[in-house]
């Protein structure tokens, strides 16, 4: 299953724009998160801390959301639209 | 002494833009107001109710402000700059 | 001299219409520290308190009106954490839909810009000697602000 | 069809710069009842949290970003006493001083216009999948909003 990456995550995962993950038997978001934790511990940590959220079909997902092969899944670092009052984020805070 | 008129006052006093008043011995704003009350009772009423204010040299004056011949004096109805939230005023409310 | 000229353009009472992009440029060109710009534009509505309005006209006290708008800009610059402010009001006849008044406030952050912008228009209505006459089906009516 | 097209212009994520006068026209042309228009324009500042910034670039989630901006407009129209709202955000590389984000809200009265405008930009920062990378003397830094 293809997982879209944005912002700082593109620089944290070798390869860039997308992440290819095998969808396990257990098809919930938390299972996907577990697989990511194994493969990319640094990203897994951010997911654990809810500093990176998972979206399914362009809506923020819960960890119990069930995934289908056809779902559009993405990992979203903290948003920073607009202009003012933002601060630097190295991905590790 | 010439007194500038604005807004609705231009239509309430025959003649239009300015009012010519004799400055009495007593040279305070309240004496001027008294003279206006005698000559134009309708405007005098509005001054009494503070619905019309007196300005001297482009600042709102107190009734005890002392007037000089050279002062710039004006009668100011309620302001209504901008666009929204205004309501009709017939000068008599 | 150039600075004074520039500043005089930031506070104006004029008959002509204005372009928001042009006025905005005056504010934003003052500093590269500006990150948030709050604006208020007042336009001529086609009705007022249930009455239809077909057109309107503004009377102003030449000299005192400019002086009060200048005071508003200076107090805004002093009392809020902002970088620049522009205050502009038209006078004379104005058609429905046209621009009447413009406030632009530039700040580093948006909260201060919004606060100052709203303060400026509230204060303008309180202290600026400008009067509005609306043409309605019942004739010409001078209006006043709500208390 | 024409109405849909018009509405799609009121919520956009685009790379190109925009003219405030043009965007304003889209809002004001919707109703002659509009008397107060509140706007917010976010521009690219030359520093951020004490760091110098020489340029910036925005990444966005195509599709979801548009969807969230659409939600913001619709909720603003539902929850505030306003007539129209426009929400626009740029992506890609942006030079210092350039426009980033624009909110325009038209209402009969200014209080509702200001409230809705401020709500829109606050909400945009909360829920819209857009990310900012700043180029600083220490290199490229991804930024996040204050909590």
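Order as written gives the chain letters A, B, C and D; numbering starts at 1 within each chain.
One rule holds in what follows: contacts are C-beta pairs under 8 Å (C-beta built on N, C-alpha and C of every residue); 3 or more make two chains touch, one makes a residue touch a chain.
Bear in mind that the values here come from a model prediction, so they are computed numbers and not experimental data.
Listed by label, the chains touching chain A and chain C alike are D. The minimum number of touch steps linking chain B to chain C comes to 1. Centre to centre, using the average C-alpha position, chain B and chain D are separated by 47 Å.
Averaging Cα coordinates per chain places chain C and chain D 23 Å apart.
Each chain gets one centre point, the mean of its Cα atoms, and the points for chain A and chain B are 70 Å apart. In chain D, the positions touching at least two other chains are 35-36, 42-45, 108, 110, 121. Residue positions 82-85 of chain B each touch two or more of the other chains.
Those residues of chain C lying in contact with chain B across their complex are 42-45, 48-49, 51, 58-61, 63-64, 67, 89, 100-101, 121, 124-134, 141-146.
For chain A in complex with chain D, the residues that touch the partner chain are 4, 6-8, 10-11, 55, 58, 74, 76-91. Only residues 19-21, 24, 28, 32-47, 96-97, 108, 110, 113-114, 117-118, 121 of chain D touch chain C when the two sit together in their complex.
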